[in-house]
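Handing you a structure now.
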């Protein structure tokens, strides 16, 4: 931790800080510059990270030297981690995030009904997808919009898994549902709007079920890593990070997919990283180019929404790929994956 | 709802849309412009708001004509609403949001210990504050930071209420705590990071306890109103909206307080609106000028953090006002309140 | 300057940096922490501010300790500066920015024609405005929109000045017009889109004409101060800073007025600060509340657009105040000004 | 144009609008919905685009149906345009933007001295780059930073062109330099900070020299297209668009590269689109993954900065690639280009 004193800070101000630093069991190193005094604090930065140093008289700014995350950090865990998904006995091939294979997660936005879900599950399987996604519980901006089929949706997902052998991932919204979903699903998704729902993060962290953690619309990469740290700090190491677009002033797209988050996350953390270009762009015709970009930039997977009939979708129709478009994307992704030394 | 067709849309594309509109029980009015066909849909817009019209072939864009909120809307409820806080028998003066009086909510960020809380409660009371705030459950970015005293904190808050007669507001994080807090607290706060935690919104909406709903860091004014609509749609009309800064690229302040949200919210909705300049700016020296601005722009109240000793604060020390600074702000606010025809 | 080394930085990496620092005539102070080495550089920070220290092997991050601006900084010029506007002999009362009086600048967005301008000038004068604004050269997003009357507009402005005795401020777009405008106008405006047009900044900096420098839509407070530093570094000390809204994701307003920029700028710099709520909000009904907020937060003035007939305006009609609305705002502003110990 | 009336709009309000529409030579079509009246305007939308319709009494909002750009629009020019660069007789191979080949533009940020520039030019040539970039005039945030070599820099660029046969692109800052640069350079760059410097846009639009137009940090895709429309409307059709990152709240990167802008721009416009990952990310280690992403998403080229010795760079050292890193990137780009059916 580096503490920069104000130009008009007094020796008393300095001594008050130095006394506190000693009180906390740390050492201080004072640099007297031409215009400012600077204090370098030596010792475990975690001890003072949450101390309100900026509130001390005479302090201008406080600069942390170390990163606030540890369990998720590549610095402390240099090898890339793999997260294996598919614990349910009905799963035929487990999906492995973080390996050589680029994992494609696909499915409808919501479980709308049994027939459509089974249909889409087969489409995913046939085109080479590795994981089936669909929401049974849906977070919707409006209380008047379709809120998901709930438990019935979970039963359909289970049937789709048995039919295709694909593992399933579905969103968890309520801490009271975590236990059930940890047993039922092969992977739980924590959505963008819940990225800093710390109650939910702790709850999924206390299970062993793999977690797909989506970046919040207004959250920094550092905050995404801190939320992953929450989950890991409770004992669950199976976290996959997902970039899904951040909120900016641009209006052509629903959000702005931050492709540079992929190499940054891969450098900062050992956890697998995937991208969701469907929510990230909001338009089906932008999904394929962004999925291509994600794989080219080093993503470990992509997650996309498909629908047999987007005009009838109960949620997010405009961003859903038709089955034939999805198959087209899969072929295109395969070329790019090979160009970067990976497979699909 | 207005549907703009693409330049190359065919009559078949148009007819498919018109058929759907009729199927939904609505009427359509086609305008054939020089370059585009436009369809105006007549009837209850709510019927088609969640239909994926943009997914139809030939559609370029869809423009809603009506606002997606109704219960919170001033259009349907032209008089300003008042929200009365202080149901607990220990409360001496109820706080009324939305009336002539500007309501000042103040207190420490967290309940850190009994003595400090009682002390601060007296400070709030003496300086003319109307409501005591302090967090017993704290949402923290880091799992390693102080997470609040929990139930013990609630007991201290209750004691502070008995001591001063001030009603209390405290944050709710977990839907499993809603019932307890609805009974214990006079008002529940839903924090910025939970503004779109729809499970929590529904839970507080099923109580009668007044709710202080804070705007999320990346949420639009429309989304804030939709979240208030969630609460009201469950039966709880007692919602106070709180602007607390949005996330921008600016680095001098922690967030950018959107003062224009005050007149916009007052125009769009009948609900009371307050501002939190402590979290909005992140620096104690900016709290007073922003509180002044908020009252001048028409806010129904402000919420600020105070601390007897910010250097020792367990959370958010740099933004806390010392008791004497708080008293200074109260005098300054009184002048501005009077200048706009209100009192403190 | 503080240089934080990477965890895996070697002694060789460190020595290479230390050698460079000595080569630049500065001293280094190495702090060996438990996980990182940190180098504090002592001496004139300006020497190394533009050195690419982050490009050295082993360097993780570089943190400047000092602010990059000097001439605009309050640290080096603790008293607030006043900028006097009205050098033209036709001016009856000079406008003084930065004094006890809150300066109201008003006028139509563009000079549309002689009659309307003279009319509006009288309106400004009668309601107590101190400076007349109107654009002769207009920066427009579309090449097909009205681009201003040019020289003819300047002549009308001169006549309006003679008629009312009010000093005039008008926008400069082209470095080739600076000389002419410096002579003709009492104050030149550098618009938001030109805040980092460094050629233009240098050109206005070489005159003695007061400059109204507007913050760019995507520019930080620090960048605004650096642009003012550009002007002052060329010899012109007469700079007034203007907050006019920054670009965010919010859609109800055209921009988000950053009211906290006022106290931050007043703390960081000795230059006067005003606010433009017309461009900042884009809607006439939000102009008055934001002007009130600006004065309450300590602004030295406000600039607003007025129009006798907004439906006929050639630019920015929706944000223009009618003359009677302007008069209403002036009375309201007077109350707030008095509440904060100032006059209009 | 669609005009939505307020709920409380009167028949008089409506009639006033209808009269105006007729006065402008257009036709109106009124839709009377259950809660709002809506007016569809038929005829040339350009006639009313700049009319302040929102300023009329009773109007709630105005929605344009058509895009405000025409010359740059793919709607009116369905085939992709090619921009050929290399008119100088010393150029051996012209660079063609918008064809099958992905064009790599590379070079140092600034011309720092003759030797280094010639050296880097050879590096670009040998690794397969098609265009040499380097700034002679530099826009710098600080007046105290290196401002470029000016005319001497242009002479070195000319020599580098003769030595390698590569065409050259360099930034223009001052409208007074446009004529000279249009003759000297093969392509002129309009930088991000000048994207809405309309004086400069008009000046380069009056030449025939190809223009590399960079997106501003806070500018929407629509505004970028409008700035290109400015250039084309003056007669110069040779415009290449460049995405270079937009300003967001994220702090790990200097800007956020908006990769989705590539497919959106290619869909909306016939102009070629390239990406600058050096300025977009600000860190050399992110340049290669973002360049890969750009090509995978359909970019017609990339522009990157290289330096033989980034620690000595006079500007932007941290984002410069070493020659061997550049060569590595070129090989990686070639694979991705082939995967999407293109070459380098």
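Should a chain be cited, it is by its letter among A, B, C and D, assigned in written order, with residues numbered from 1 in that chain.
One rule holds in what follows: contacts are C-beta pairs under 8 Å (C-beta built on N, C-alpha and C of every residue); 3 or more make two chains touch, one makes a residue touch a chain.
Model, not experiment: these values are computed from the prediction.
Note: Cα superposition of subunit A onto subunit B, rotation of 180 degrees, nearest 5.
The interface with the greater count of contacting C-beta pairs, when A-D is set against A-C, is A-D. Averaged C-alpha coordinates give centres for subunit A and subunit B that are 26 Å from one another.
Centre-to-centre separation of subunit A and subunit C, using mean CA positions: 39 Å. Subunit A and subunit D, compared by their mean Cα positions, are separated by 31 Å. Among the residues of subunit A, those touching two or more other chains are numbered 218, 246-249. Across the complex, subunit D meets subunit A through its residues 218, 220-222, 246, 248-253, 256-264, 267-268, 280-281, 285-286, 289-290, 292-298, 332, 335-336, 338-340.
Residues of subunit B that touch subunit D in their complex: 2, 4, 7, 29, 31-36, 38, 40, 42-45, 63, 65-66, 75, 247-249.
Across the complex, subunit D is touched by residues 20, 46, 49-56, 68, 139-146, 173-176, 193-194, 196-199, 202, 216-219, 223, 226, 229-230, 233-234, 246-247, 284, 310-318, 320 of subunit C.
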